[in-house]
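Look for chain A in each of the two complexes below; its partner is chain B in the first and chain C in the second.
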Partner chain A sequence: MNPQAVAQSVVFGLFVGGNYGVAAAGLSLVFGVLRVLNVAHGELLMLGGYVSFWLFTLAGVDPFVSVLISAPVLLLVGFALHRGLFVYVERLEEETRIKNSLLVSFGLGLVLQNLAQWAWTADERSVNTTYAGGSAMVFGLVFPYTRLASLAIGCLAIVCLDQVLRRTYLGKAIRATAEDWRAAALAGIDIRRTYLLTFGIGAALAGVAGSLVSIGSTVAPTLGAAWTLKALVVIVLAGMGSIFGAFIAGLLLGAAEAISTLFFGSTYREVVGLVLFLVVLLIRPQGLFGRGPR
Partner chain B sequence: MKSFGRGGWRLLAVIVGVGGLAAVPLVVARADILNLLFLVFLYVTLSESWNILGGFAGQVNLGHAAFFGIGALVTRGLWLQGWPFELTFAAGGLTALLFAMLIGVPTFRLRGTYFAIGTLGLAEVLRITTANALPGVSSLTTEYVAHYDLAARYELGLALAAACVLTAWLLLRSRAGLGVLAVREDEQAAQATGVGALPHKLVALALSSLFAGLAGGAFAFYHISYYPELPFTSSWTFDSVLPVYLGGIGTLWGPVLGAAVYILVREELAVSLVQVHQIIFGALFVVVVLALPGGLVDAWHRLGARRRAITRISPP
Partner chain C sequence: MLTVQGLAADYGDVRAVWDVSLEVDAGEIVALIGPNGAGKTTLMHCIAGLHRPSAGSIDFDGVALHTLAPHQIVERGLVLVPEGRHIFASMRVLENLEIGAYSARARRARHATLRWVYEIFPLLKERRDQVAGTLSGGQQQMLAIGRALMGLPKILLLDEPSLGLAPLIVRDIFAVLRSINAQGLTVVLVEQNARQALHLANRAFILEQGRVVGQGSGAALLADVSVQRAYLGLAVEAG
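Take a look at the complex of A and B:
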């Protein structure tokens, strides 16, 4: 096997992995804080992809600019879903809460997927910008500009999220709620508002990831399940509740998939994630960056 | 007859009911009725098998389609290669069970959502991989079509549904079944009293996945042509879970009732509202989980309890 080819696939794998990381960070944040596992996260990402696609097709908005629109749009969608559905799940005890959130979001995902299919047909859509072909050569490896920019935006979104969580009052409230919501409530934090905002931020991150997906590949109504799965595998790989860890694990998964494609062909590409998931559970259930059993 | 109590009459009614259904193909020649009833049997099997794990053991399986699809894939593949159907049918169910153990053993050791993630992942990975590896339509050859007998499919579906419900009933009456229920109610308390959580969850998973795999085999036996990835799509999981919640999770007859109601309504709706019916049922499912977690059976009992309470309160 030619090392150049291996390096090149790893590079492309990392670009894809950046999107996995952004998708997973949003899901991980929501799960860590609300203890609600939203398996419709991939469908939210799909909606973000369609926002970018339609803005580009109907108004000619550049997909890198429409990230600034898809994120707030999905923030609002997240608020609406939280107010309409997940508020009712939150009232339950932790174990029932997770169980019911899985079921409710599973149904929600199906509804969103079918709504998208009904409204926008099952066609695969993609955004083709005029500058899509350009690329930089470094050490004989190809780095397409659009992919580099996508990865940069993904990194930026993660850094922004981290800064919000570290430096703002809201971030402190979110971290406190994740740690112990009863104590946070006693300290005067408005738990319901924190939950609402956290769910919105998670959805907004799905929107960002969706826009980035629309640039690099295609958008279709059935896209959601595969992305939910990637995000879940990445979270388990990283360990629950670690945002930076999720991003790095996303890059790792992307690279691992690329390498396996090189050796076994693209037919069995999806199996990599599942195998990694099972291996991590057997060897290191707290995840690569997790703090270990509490 | 003192010993022949309520349970005895109920058992007799069930036996007569199944016997009556088994006689339907002798009397009814209309293919549409047999096809509809076959669908009901298939969905009863899927729902009751989901219920064995989800309702009795309390473990959320978001990838029931994986086991259904494995059963269909294995049965179809071997059967078309000329193996006798009975053998391929068993092989499909057992392969599904094997994959279930592959996911179940690592995930059930840990608490939390890992099992749901693992099953969701298994179904999605198998769907995409099957679509990649077998992109074409799987069709029965003319030789198979010439021997196609709808009544045989019907009887297989009925036998499978009856066997699944019977298994669930036997499980509920057994010591292992009590253990499964105990694990659902309180895992730590069960462990503390010597009822192992892991083996009991695995027993429920084994029965659940076995019947889902056999249902997949029946599907492969029934359909003349379909895309091999179709049985892996998440709508099969949804179609297994919705009837359980509609009818009443954790009850023996809830999934049977739910599946029958669901299929009859859906087939009615599918004609008039082709694309929208999945949106309606998805929304209905969300509402039922949130607002009516006991399902129809529970609503009926509660209604009965209220009626009794009212008559009790009424002045003497």
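Take a look at the complex of A and C:
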């Protein structure tokens, strides 16, 4: 196998992995704070993809600009879903809460998927910008501009989220609530509001990921489940409690998939993530970047 | 200042608090003593809004607390230091304190309050960049109290602040409580360490099996023979 081809695969793998990372960061944040596992996260990503697709198709909005629209749109969708649905799950004790959140969000995923199919047909859509073909050559490796920009936007979203969590009062409230919601409540934090905002932010990240997917790949109503699965694998790889960890684990998964495709063909592409999933669970159950059991 | 009337609280089918009435006046230190399982912590959780009472009322400066969420209660000036400290272990000492000043009222004054808290606990200033989980038990208790003070309470509730701490540290913490009380803060103290609590308190209530079974001034309860026997480990007849 020539090293050039391997390196090129890794590069493309990292580009795909950046999207995995953004998708996983949102899911991880919501799970870490609300203890709600939203398996409809992939469907939210799908909605974000359609926002970009329709903005481009109907209004000619550049998909890199429409990230700025899909994120707030999904933020609002997230608020609505939390208010209308997940707020009822949230009241349960932790263990029942996780189980019920799986059921509720699985149902939600089906509904969103079918609504999308009904409204926009099952056609696979993609955004084809005029500059899509351009690429840079570095050391004989191809770096398509759109992919580079996607990765940069993904990184930017993650850095922004990290800064919000670290520096702002809201971010501190989110971290405190994730760590010990009772203590957070006693410190004067409005837990319900923190949950609502966190869910919205998680959905907005799904929106960003969806827009990025619409640029590099195709959008279809059935897209969601695969992305939820990827995000779950990435969260297990990364471990809970680290946003950067989730992003890096996303990149790793992308690269691992790309390399395996090169060696074993694309048939086993999906297996790679699941094998990694099992290996990490066996060897390092707290994940690569997660905090160990306290 | 704080009036609890006919309070009852349940966990599922189990009644933890039956019929508790007590009052705390401004400027007092009031102790709540009683054995394990007497309902002291449940009572604290009801007052702080973490647990909905099944019956009765809680009134704080003319506001009914039992319908409010915990953060609204903090906003009104009642702050609980929970049993087991519950500091944010993965966050820095300073961040823990900042979160204590989350409510809008406390946030406006947070810089001045922080100076005050550092004066009370100079150690927290020294350790402000340390990750809170690496503090010792006594230091964590100081942080828990410091975080509560950051919320600018008018009344401070503490649930078992001496739990698991060395006697010397307990003495320090009680001294701090006495001094912040002298600065005008009302203190309610739940303790299993009855002797020290009674020495500190102006008044005390004894809780057993979810009911108030006795009350009086700290000194009077210290002198009471049945209290001595039950809670102070004195004069126990062989048998």
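We take it that the second predicted complex is superposed on the first by the 294 of 294 C-alpha atoms of A that agree within 3 Å, B and C clash if a C-alpha of one lies under 4 Å from a C-alpha of the other, contacts with A are read in each partner's own complex, and residues count from 1 in each chain.
Note that contacts are C-beta pairs under 8 Å (C-beta built on N, C-alpha and C of every residue); 3 or more make two chains touch, one makes a residue touch a chain.
Fair warning: this is a prediction, and the values are worked out from it, not measured in the lab.
After overlaying the two complexes on the shared chain, residue contacts for A:L115 are found with chain B alone; chain C is out of touch. After overlaying the two complexes on the shared chain, residue contacts for A:Y169 are found with chain C alone; chain B is out of touch. Looking at the shared chain after the overlay, A:A226 reaches chain B, while chain C stays out of its contact range. Residue by residue along chain A, chain B and chain C are tallied for touches, and B comes out ahead. In the overlay built on the shared chain, the residue A:F277 is in contact with chain B alone; chain C does not reach it.
Those residues of chain B whose C-beta lies close enough to touch chain A in the complex are 58, 60, 62, 102-103, 106-107, 109-110, 112-114, 116-118, 120-122, 124-125, 128-129, 132-133, 234-235, 237-238, 241, 245, 275-276, 278-279, 282-283, 285-286, 289-290, 293. On chain C, the positions that touch chain A within their shared complex are 48-50, 69-71, 74-75, 79-82, 86-91, 95, 98-103, 106-107, 133, 147-148, 151. Against chain C, in their complex, chain A makes its touches with residues 169, 172-173, 175-176, 179-180, 182-192, 241, 291, 294. The touching residues of chain A, when paired with chain B in their complex, are 37, 39, 85, 88-89, 98-100, 102-104, 106-108, 110-111, 114-115, 117-118, 225-226, 228-229, 232-233, 236, 266-271, 273-274, 277-278, 281-282, 285.
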